[in-house]
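In what comes next, chain A is part of two complexes: it sits with chain B in the first one and with chain C in the second one.
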Partner chain A sequence: MAFVLWAVATILFLIFRLMPGNPLAAYIDPTFTEEQQAALIARFGLDKSLFEQYLLYLWNLMQGQLGDSFFYRQPVGSLILQVLPNTLVLALGSLIVAYIIGVIAGAYLAWKRGTWIEGLGIPVVLTTRAAPEFWVGMVLLAVFSFSFGWFPAGGASSPGAEFDGYLDLYLSWDFLSHLFLPALTLAIYFHGLPLLLMRSNMLDVMNEDFVTMARIKGLSEFSVVVRHGARNALLPVMTSFAFAVGYQMQGSVVVETVFSWPGLGRMLVGAVSAGDYALAQGAFLLIAAVVVVMNLVADLLYGVLDPRVSHA
Partner chain B sequence: MPDASVAGARPGLGAGRRPSAVGRAFRALKIPVGDPFAVIGLVIYAVFVLVAIFADQLATHDPLEILFTEDYQLAADQPAFGEFVLGTTNLGRDIYSQMIYGTRSALIVGLAAAAAVVVVGTLVGLFAGYMGGWVDRVLMRLADIAFGIPFLPFVIVLAAFLEPSIWNVVLAMALILWRDTGRVVRSQVLTLRSRAYVEAARVSGSGSLKIVFRHIAPNVLPLSLLYGSISIGWAILTEASISFLGFGDANAVSWGYMLQDAYASQALSRGAYHWFLPPGLCIVLVVVAGFFISRGYEEVLFPRLRS
Partner chain C sequence: MWKQLATGSAVALMAATAGGPALAAGDEIREIRLLSRPQAAQPQEFQFVQLIAQEWRRLGLEVEVDIMPWEQMADLVWYNRDAWDVTAWQMVGRPERSDPDELIYNLFHSSTAPAGYNFIGYSNPELDAVVEAQRVETDQDARQALIHQAQAILSADQPNLMLVHPRSTYAFNASVWNPETVIDQSGIGIKNVWTFIGAEPAGDQRDMVLNSADTVQGINPLWISGATDSWITELVWDRLLRIGPDGLPQPWAAESYAWLDETTVEVVLRSGMAWHDGQPMTVEDVKFSFEAPMGEEVPMYAPFVGNIAEIELVDDTTIRFHLAEPSAAFLTATLAKVNLIPQHIWDPVLTDLATRPENAEDHQEEVPIGSGPFRFVSWRINEEVVLEANADHFSPPLMDRWILRIIPNQEAALGMLRSGALNFLSDYSGDPTVLEGLAGELAEIELASTTDIGFRYVAFNNRRPPFNDPAFRNALSRAVNRDLIVGAAFRGFAVPSNSVISPALGFWHNEAIDGLETGPDVAQSLLEEAGYEVIGGRLHYPEGISEALSE
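For the complex of A and B:
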């Protein structure tokens, strides 16, 4: 895992340093004198050799030092940590909804195997997976926010609203009404994964001997499907949750932009557009770190829940 | 893993007229007529391919031309089904024509990216699986790294540094998304290389390259093409997202560009559904067609899935 993170950090360093263009272009005003420019270049360490810069970059990274944002003139670390909770609340909230709906609907579709409900359900689910998240967000925004006026059009809280601490903010009606549409957008996109997984696991499990045994014992259909079938089909779906968190961090980039949600993805997009390299680099690395950690968690969970998978 | 023998070559097919390796792979990919999903998917694809080919004939206007009505007024914000099929944008551009030309860029990006993913992923999987040893270790480490890179943020950063172009998406997919195809092909090759017919080829003195490309590759090709058909949709979705975020080519009319234009021009608050619904629906149709086709072939490739 450390190797992958190091490799990602190195690739990022190379992209940002080897590309044409002066990384300080956004920072240096044309009115600056030669001396001022040289002083700035020295201050950011850009007068050193590429290899020295690289070592310095790794050294700073290991100490959690991500540099200063050119645009906000603040340390990158504190900027991205400020918006991280917003992204996590959006990603986790929508994922939990998506998994609850997906698991129940997946089990139901497996139970209805071969009926018209399945014939209709599968194409509908595939369609939700094919729809671009930002477009779903745009349609929801146009219908529920602009046409009906039920929800605010963007942001995470109304201007001027004040809260005592995170808990107060996250439980406030104002925040939740802002959260609803972006979370719904992500949930619509993401419920297909647990749904299809749950369905195919259910189909496998329902053919197992212990399910037949439960039927022979004369248990009710509900008991057979839920207590014996669904419980066993659920395990692999849960391991996919960790993987989904990492994935959701990437997907939130577009949805956060549509809904002007003040999160990590929107910050990354804004930083790249503004040429704010330090901030873009920091936001990218944080997203990558979440992805790598969650991939690892998914792997480990998989091994714990299914001992047949060995880790050599 | 699924039984590989279904995937292509049937050894001992008759020594007289032996079809070529590629021919055998394509035979396994014959249209699954029995599967309504796959047929619907193929029909949708056929329609979009025809639209892309005949875009010049189908479009009513230049997609970026600013249009005027008969009384020399700027034809801005025209409603649908009037003088203009789908109305016009706030700058007086024809939405229907943009949608038609958007098909072309979507298919170009989709097919090019899918080809790149299939070629890179299949080669990596073939060599990692057949060679084993350090080749395998190095290639699978690279796949680990590719899995650790958040894809969309990577494309954003890449697109921001390179010239804005639809090829950025293709490049990014070739650099990152080969990982899934590569891993699946590798595990397929691992089961294939210990097969008797591969053993026989080795004993009869065939070189490694010949065994890999002549005896193993045709059997994994259907699997890589399956992943390729999903990649087409991925590429189109990614291109749309990148254009929407403003990192696309401003001169190439694509569905993502149309959506970005609509979003930035307040089409949402003005309720201009005729503007932002059509390009989104086109994306949904193309991508879902890819899903339907791959689902149909999945049942051809893995008959265990059939009920």
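For the complex of A and C:
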């Protein structure tokens, strides 16, 4: 795991330095003097050789230092921590909704295999799954915010609202009403994967001997489908959830932009386009770490949910 | 470069005298690369660059439009000054640019060519002399004549192809803000400190909610960061003078100011001023504010105090600035630019920073303390900044709070203006006709558009042939019909330009050079006069000049 992170850190370091452009571009101004340029370059260590910069970068990383953002002139760690909770809430909220809907609907569609419900359901799922997020987002905005005025059109809270810490903010009605549309957009985008996964697993499981056995025992259809079928079909869906959480740490750039959501995705895009190596590297590294950890969690989870895996 | 050209012509001359076939023209001009930013980022620029390339191709030039993001373009143009031909560029309007010095000097004086803003490498001793003279001319009318003269020289030389001054368009909700009290600052628009102080609530809504598409980088009186950040620093911190709605400096934290002689300015500080933490503001604080940038820790403000030789405290309210040399722009570029900061807060910070590699730009105060008309309340990154009215200020705002929302989605910003979630549209880069439509549909939405101090232009690399020839630059510039650009790329929301000093700065702008005659015929005859020739559809250098830069 340490090796994976080292590899990621190295690749990130190289990618941002090989990118065309110059991080000082943001400072160009008629009153920008040569001395100021030299001072800035020295301030960010850009006057050192690439190899020296790399060693310094690794050394700082080992001490838990992600460096200072060129753009915000603040430590990368504290910048990321300011927006990460917003991204987490949005990602987790939408994923949980998507997985609950996906699992139930997937099991239901598998049960209704061959009926008109499946004939209608599958194309609907595929269409919403394929619709671009920004489009879904703009449609939801136009309908529920601009036309009906039920939900606010952007941000994570009302203008000038004050809260005592994250818990107070996240449990407030104001925050939840701001969360609703972006979370719905993401849930619409995400729900296809768990749904289709659940459905195909269910179809497999329903042909297994133990299901036939359950039927022979004369159990009710509900008991057969839910307690015997769905429970076993759920395993791979749970692992995919762990992966999805990992991948969603990066935030959804598109949805965050459409809904002016103050999350990590927007900060990352800003950092990349401003040539802010330090912030972009730090953020990507953090995401990579979360993905690696969530992979581990998925593996461990599998062992708990299905004892056969750990015995093997 | 000149040497190469001279050698080239000498060789050609020898060839001609040696009895070979007489050359009717020089070499074919190489393919010209015109730089632009991507359509998604800069739709107007992308559009006008295409139109300009088209016009130039008609003259017999091969033009390739090279699209690249800003970081890459800035790197090429700024740090590789010999490696490009022509580029689209822009200057944005800021209150301090109401004084012509910053633009007319820094963009064209030969001293800024190696590493400063004269990245085009323009060099003209006559212009150097004039812009130096205006800098030290403290008589306003004499200075005006010099500024006009400089503009005339630039018009004759066309170091850049000046294109347009955009008309920035903003909007506000007139049922929330009394339109009489929304002030249009010359060249800046309605989004200015005078509006923010003077805007009178028309109803119960006493918070101004405005928008910016760009994120806030920092709230720091010693760091010149993003454009949006400067809206905030102007409100939280006071300055001795402020640029008034007419574009000229007027007393602010200074009760009065006077030139005692050519190099001495005496300022009387307003009495009873206090910092947001309750401490009184003293003349020592003022002295400290101007001395702080003289050290190593405040690099971006250092150029503005470089001309101060000494700051003398005459008594408890009077400060004298002794200058190293006379400076006409001192009032605007220094007294109206440097933020007044509390010594009791910044002195320990700067002392500590002196021992570390960081400087004042890296220091973000938890709660920024100024003395300005607004107090800092909160800042949530990428989301909003909240300021509240400082009732103890000598010019207290009429609104309760000033709430800046960061909204990257233009359509959402429009939707919020419509729904009332925003009541002041302070940033809009979308299609102005859409905004016009909204204002036509809803009676309470009022539109305000202003000719900008800033401008859009196409910069020629004056170092590289053929752009080192003023006749060639003139022809290329005159090939472009500015009215067409205004209509096609800016939908009418711009005015044609031939000067870096915008018509919005009525006192400084030279009207005599407006209305440059353009058209393909004008351009072609200029080229013919200068000896350029079209052979086989391609433009060739005048006789004897060879292409030194063909790839």
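As a working rule, the second predicted complex is superposed on the first by the 278 of 312 C-alpha atoms of A that agree within 3 Å, B and C clash if a C-alpha of one lies under 4 Å from a C-alpha of the other, contacts with A are read in each partner's own complex, and residues count from 1 in each chain.
We take it that contacts are C-beta pairs under 8 Å (C-beta built on N, C-alpha and C of every residue); 3 or more make two chains touch, one makes a residue touch a chain.
The structure presented is a predicted model; accordingly, all values stated were derived computationally and were not measured.
Legend: residue contacts after superposition of the two complexes on their common chain; A:Ala288 is shown touching chain B, with no touch to chain C. After overlaying the two complexes on the shared chain, residue contacts for A:Asn60 are found with neither chain B nor chain C.
Once the two complexes are overlaid on the shared chain, A:Arg73 sits against chain C while remaining clear of chain B. Legend: residue contacts after superposition of the two complexes on their common chain; A:Leu126 is shown touching chain B, with no touch to chain C.
Contact with chain C, but none with chain B, is seen for A:Gln37 once the two complexes are overlaid on the shared chain. After overlaying the two complexes on the shared chain, residue contacts for A:Met138 are found with chain B and with chain C alike. With both structures placed on the common chain, the touch criterion links A:Ser220 to neither chain B nor chain C.
Of the two partner chains, neither chain B nor chain C is touched by A:Thr115. In the superposed pair of complexes, A:Ser273 makes contact with chain B and with chain C alike. Shared contact residues of chain A with chain B and chain C: 20-21, 138, 141-142, 145-146, 153, 257-258, 273. Every residue of chain C that touches chain A in the complex is listed here, in rising order: 68-72, 74-75, 78-79, 91, 102-103, 106-107, 114-117, 207, 209, 215, 217-218, 223-225, 299-300, 302-304, 357-359, 361-362, 364, 377-378, 380-384, 386, 401, 403, 405-409, 411-412, 415-416, 418-419, 421.
The touching residues of chain B, when paired with chain A in their complex, are 37, 141, 144-145, 147-154, 156-158, 160-162, 233, 237, 240-241, 244-247, 259, 262-263, 267-269, 271, 273, 276-277, 279-280, 283-284, 287-288, 290-292, 295, 307. Residue ranges on chain A touching chain B, taken from their complex, read 3-5, 7-8, 11-12, 15-16, 19-21, 113-114, 123, 126-127, 129-135, 138-139, 141-142, 145-147, 153, 246, 249-251, 253-254, 257-258, 265, 268-269, 272-273, 280, 283-284, 287-288, 291-292, 295. Here chain A touches chain C in the complex through residues 20-25, 28-37, 39-40, 43, 68, 71-74, 79, 82-83, 138, 141-142, 145-146, 149, 152-157, 159-160, 162, 257-260, 262-263, 266-267, 270, 273-275, going by the rule given at the top.
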